[in-house]
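This report concerns only the one structure given below.
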Amino acid sequence: MSAQLQITNLQKRFGGLVAVNGVSFTLSPGEVVGLLGPNGSGKTTVMNMISGALPCDGGTVQVGGTDITRMKPHKVAKHGVARTFQLVRPLPTLNVAENVLLALAFGKKRHWGREARELVDQKLEFVGLAGRGEEKVGNLTYIDQKRLEMARALASEPDLLLLDEWLAGLNPSELRIGIDLVQHLQGQGMTVLLVEHIMEAVRALCSRCIVMSAGEKIAEGASAEVLRDPAVIKAYLGDDHA
Amino acid sequence: MKTSYAFALAGAALVVLALAPMFIPEYWTGVLLGMTGYVTLATAWALFSGPTRYVSLATVAFFGVGAYTVAVLNEVMPYPLVLLCAAGIGMVMALVVGLSTLRLAGVYFVIFTFGLAELVRQTVSWWEVNVTYTMGRYVFLPFEGRHIYWQLLALAALTFLIAWAMGRSRIGLALKALGDDETVASHAGVDVTRIKLLLFVISSTIITLVGAIQAPRWTYIEPSIVFNPTVSFMTLIMALLGGAMRLWGPLVGAVPLFLLFEWLSVSFPDHFSIILGLLFILIVFVMPNGVLAKIDDLRKGGRA
Amino acid sequence: MLEHVVNGLVLGGTYALVAMGLTIQYGIARIMNLSFGDTIIAACFATYVLFTSLSISPILALLILVPSGYALSNVVYRVIMKPLVARAPDEGALEVDSILVTFGLLFVIQGILLYLFGGGYTSYSFFNTPINVLGTVVAGNRLLALVLSLMIGAALVIILFRTRWGMILRAVALAPKSAPLFGIDTDRAARTAFAIGGAIAATGGVVISMFQTFTATAGVVFTMKALIVVILGGKGSVPGAIVAGLLLGLVETFVAAYVDPGLTLAAVYTVFLLLLLVRPNGIFGKA
Amino acid sequence: MKTSFSEAIRSARRLTTCAAAALLVATGTIGASAQERDKVTIGYAISKSGPNAGGADMTVTPNYELWIEEVNAAGGLKLPDGSQLPIEVIAYDDRSSAEEVVRAVERLATQDEVDFILPPWGTGFNLAVAPLMAKFGYPHLAGAAVTDKAPEFVKRWDTSYWFMGGSVDYVDAFTEILVAEREAGRINDKIAMVSVADGFGIDLVKAARPSFEEAGFDISYDKTFPPETSDFATILSEAANSEADTFVAFSYPPHTFALTKQAKVASFSPPVFYLGVGAGFPVYPNIAGGSVEGVMSLGGIDPNNELNSTYRAKHEEVIGRAPDYWGSVLIYASLQMLEQTIERVGLDKQAIAEELSTGTFSTVLGEETRLEDNQLRAINWVGQWQDGQFVAVSPEGGNGLAAVKLPKPDWE
């Protein structure tokens, strides 16, 4: 079976700074993979290039066998790639249901009318916001905003989900809920690329990890092994701990 | 149920307004005409500028182009065709302008659109002076105030219908979303540029038509008359006063403001500017988000 | 050729002078002041009255009107702008509010001038003396505008970049939200900046009244020209305003000489629009 | 959605209330107006603010005020039966907007139901109100409007009267002077001409080109400038380079003043120096620093006409400043004609219209002022500053005109 996501030799420079240098990796359908690395190592830049938010200076991104390297974000979304944002970004003039409806109406397929409303309820129920569609997003708690963020991403009906530190900032019990949700998705066969700092979550969710440092890929492999890799520890904690 | 009520009511209001010139003196038809013109301008303006928060001062550029098209073409082709031409020209101009400017944001867009209005005016002047050797043009169409009023009323109704339908459509949802956060909207699959362009074109075409329809009222057209920047400012103020984010906002702003201007110029012709200015400052202080938002606030306050 | 350069610079001097005041008000005090041109016109009328009724020379009038401009703008900021700044949740809201409120102020000033002086053309002649600059004869009063704009510009640059006060003003311009964390009185800084802008407007008015015919309603023309220069030069940048102002003068003069005087304004707007598309933050603006 | 529906309903209700209120007000005033006549109401809409205010404030408004004050001071308008009625004035500000001026005239006609409407300032605005004046049956004494199409307009609106002539008239009279000067060997055959890019400038320049060329002149510099122009250094230096002995500017007051100042600075003093509106303003000598001798423009007066001198003195006394030397006197004459017409035929608009077309009147222009085909033709087309007065001139002089004195002396 072909790869769900294949990125090859990705390059990005900001002025003189090389942010991403020759990164390549592949995700098979149904895989949940962690993208790790210290702050500033280029993880979010990679996410942004996959989702079309940043143009690539070199290399290619393929999703389900199609080259999406030069696509604008809305095209990428229609191509079955959805994302969440590092800091939650609910749309405040829309209510909870409308936030989700937006992605349904403009996602991979165009849903509108009664059918769309049913799908909205479905998504809200899935993330645990059942019956709260009419609420203002400003009134949601932090975990509920995270849930909404997830519901909106899922409403695009993606084949590939990019979660950018989606679990960050949750307390232990909320974290449990969050991990469960992703596991639930995993069970449905969703391919997920996960940028994450919380090792507990990475261990629980990811069969495989990719580690970046200073814009380059420094390690890739099964989570348990990668997390023991001295090079990875050095990248995270500095030379003294190697 | 509610929708059909509202429609019935709006329809009835439309009929009353359409019949009004039969019963009221000419002057009041003129007032209704001017008011309908501004209601249409403000609503069309808010159609684009409300959700996208792009403050456009190009209103008079399109308005003037519409009026000029009528002035140039009114003797060579039948009137409906002239209107169609005006709409077409406005549409093309909006496309060109939109494609080149919609990536500017904030005050840059404001100044750009103002510059655009002046550029169009200067270019038309220069063209008339050096190429056609005429400046003023005459529009002798057999229209009286009420004929123009009826046309404007129809256009206003159409504008409201478009705005209403837009508010209920996918595009309306996308518009609200991109007003909040363009990045999120685009990652949800919304083609942000295309939707903004579409809205800009629709809004500008309506504005062009308002200019075209109103042109026969002045008999004589020259750039300083039809590219009068006051039109842009008035439109903006009216829309903002009522609340540019709501369907009825521009109407709620335009009607009282227009009547106020009329009353001021009748009652205080020598102190018009001072009173107008003071009122303006007062409005900004008392109703920062527009009348409708203020009413909402008061209602909420009353309940709490 | 040299003649056109001289004429262009002299013309541009007026633009630069006028634009500096606005760029400081907009850049540092963050007030988009649409009534700026009307302040200039008010100063024009004041100079005219002082000159014709009280025989006070416009040069002396500077000594009276510039401090008045400072004081009045200071009061305007305290009374009208401060509440708006205080309530604005973000920069965009303040921008819209300041546009609206100064639009109202524009009408108030204009209305008062109309009431006092009527709508007629006003003009007088002062220092309309030929002065030879590099072989080109220019009017003394226009040259004065250029000299003043360069002097004021230089003074402002020195103040902004060499003094503690200037550093405070620049800090407020760059980060109005975090400046108070460093013990900076943002309100006072913004008020001062707004008042300096008003003083420059008064200077411009005094000089302009010497050579230009003015009416009570002509303010918006100055506002628009100044606005264009400000945007071209980059919001809040004094050197930018000077360079853009002089550039505009040169463009107008060269188009008038070599293309067609009828296209001067069209050319200005074209340059402006093109530059805005290529460098949306102005010549000296930061991306 | 809910809120917007209820808002819709409320807004609709508000609109209907407005319309109803409008109806009420309207019917109310109609009912009140049928009373015994104790006054004559005269209305006008004029640009008190906006870009047109400058022109209106110079030529039109002061004359309206002067005339009304004079008439009322004398006991009011005389009627054929010898009785007198005072004038009541309703004056609106059209804010220099075409839409406002149209609506203000509608208001005067149908709401205030005034007896007479005086015209606004400017060619464009006079044309904007012309159809309404005709429709409501008011005689339209278009004062401040220069147009060559007056004969056509008279056919279209047979109660319109045009008092300022057309551009061809002004230009032809000027060309006549130029031809005489060239034949006398005082000027060469080159003309430098600039004009403001709006209705007035274009109309005149359009008439001037063929007129000059037919007379054998070569227009060596011919440019237009936008109305916002304030700096004329480049234009004048290019005009000087063209080696023309005649400089013509069809300009508005701000340009006229700026051109004069710049010409003095640049010592540009061609034998013939002709400027547009503003050169005939009483303030002009101050602007030129006193030395205006020989400057030419449109209009001019006959300093020996006593009626005119009396008028000027009165204007200065009542308004506080002198009238201009061109439009003011024409406007004032049109008002005098209206006054005398009412004295002869009463307040019936139809009769007034007829009398205006056919009668002979005594005005500041002369004892026998009359209209030809509803147009005033006895206009002074060219004026020149001579000894501190802006006098009407022709090549030879005579018939109330002075002889032109050229070449213009250098600036002092």
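Chains: A, B, C and D, in written order; residue numbering restarts at 1 for each.
In the analysis below, a residue touches a chain if its C-beta (ideal position, glycine included) is under 8 Å from a C-beta of that chain, and two chains touch if they have at least 3 such contacts.
Chain labels with UniProt names: A = Amino acid/amide ABC transporter ATP-binding protein 1, HAAT family; B = Amino acid/amide ABC transporter membrane protein 2, HAAT family; C = Amino acid/amide ABC transporter membrane protein 1, HAAT family.
Quick caveat, the model's predicted, so the values are computed rather than measured.
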Minimal step count in the chain contact network, subunit A to subunit D: 2
Top chain pair, ranked by number of contacting C-beta pairs: B-D
Central chain of the complex, centres being mean CA coordinates: B
Chain whose average C-alpha position is farthest from subunit B's own: A
CA centroid of subunit B to CA centroid of subunit D, Å: 34
Distance between the centres, which are taken as Cα means, of subunit B and subunit A, whole angstrom: 43
Distance between chain centroids, defined by C-alpha means - subunit C, subunit D (Å): 35
Per-residue multi-chain contacts in subunit A, two or more chains: none
Per-residue overlap in subunit D, given as positions that touch at least 2 other chains: 48-51, 96, 197, 224, 226
Multi-chain contact sites of subunit C, meaning residues that touch two or more partners: 110-111, 114, 260, 262, 265-266
Pairs of chains satisfying the touch condition: A-B, B-C, B-D, C-D
List of subunit D residues in touch with subunit C within their complex: 47-51, 53-54, 56-58, 96, 194, 197, 223-226, 228-231, 233-235, 237-238, 253-254, 257-258, 261-262, 264-267, 278, 281, 283, 286-289
Interface residues, subunit C side, partner subunit B - complex: 32, 80, 83-84, 87, 92, 95-97, 99-101, 103-112, 114-115, 220, 224, 227-228, 231, 235, 260, 262-263, 265-266, 269-270, 272-273, 276-277, 280-281
Of subunit C, residues touching subunit D in the complex: 3-4, 7, 10-11, 110-111, 114, 118-121, 123-125, 128-130, 137-140, 142, 211-213, 215-218, 221, 252-253, 256-257, 260-262, 264-266
Footprint of subunit B on subunit A - complex, ascending: 51-53, 72-78, 82-83, 85, 89, 91-94, 98, 101-103, 105-108, 110, 112, 152, 155-156
Subunit B-facing residues of subunit D, complex: 1-5, 7-9, 11-12, 14-16, 18-19, 22-23, 26, 30, 48-51, 91-93, 95-100, 102-104, 106-107, 109-111, 123-124, 127-128, 130-131, 135, 156, 197-199, 201-203, 206, 224, 226-227
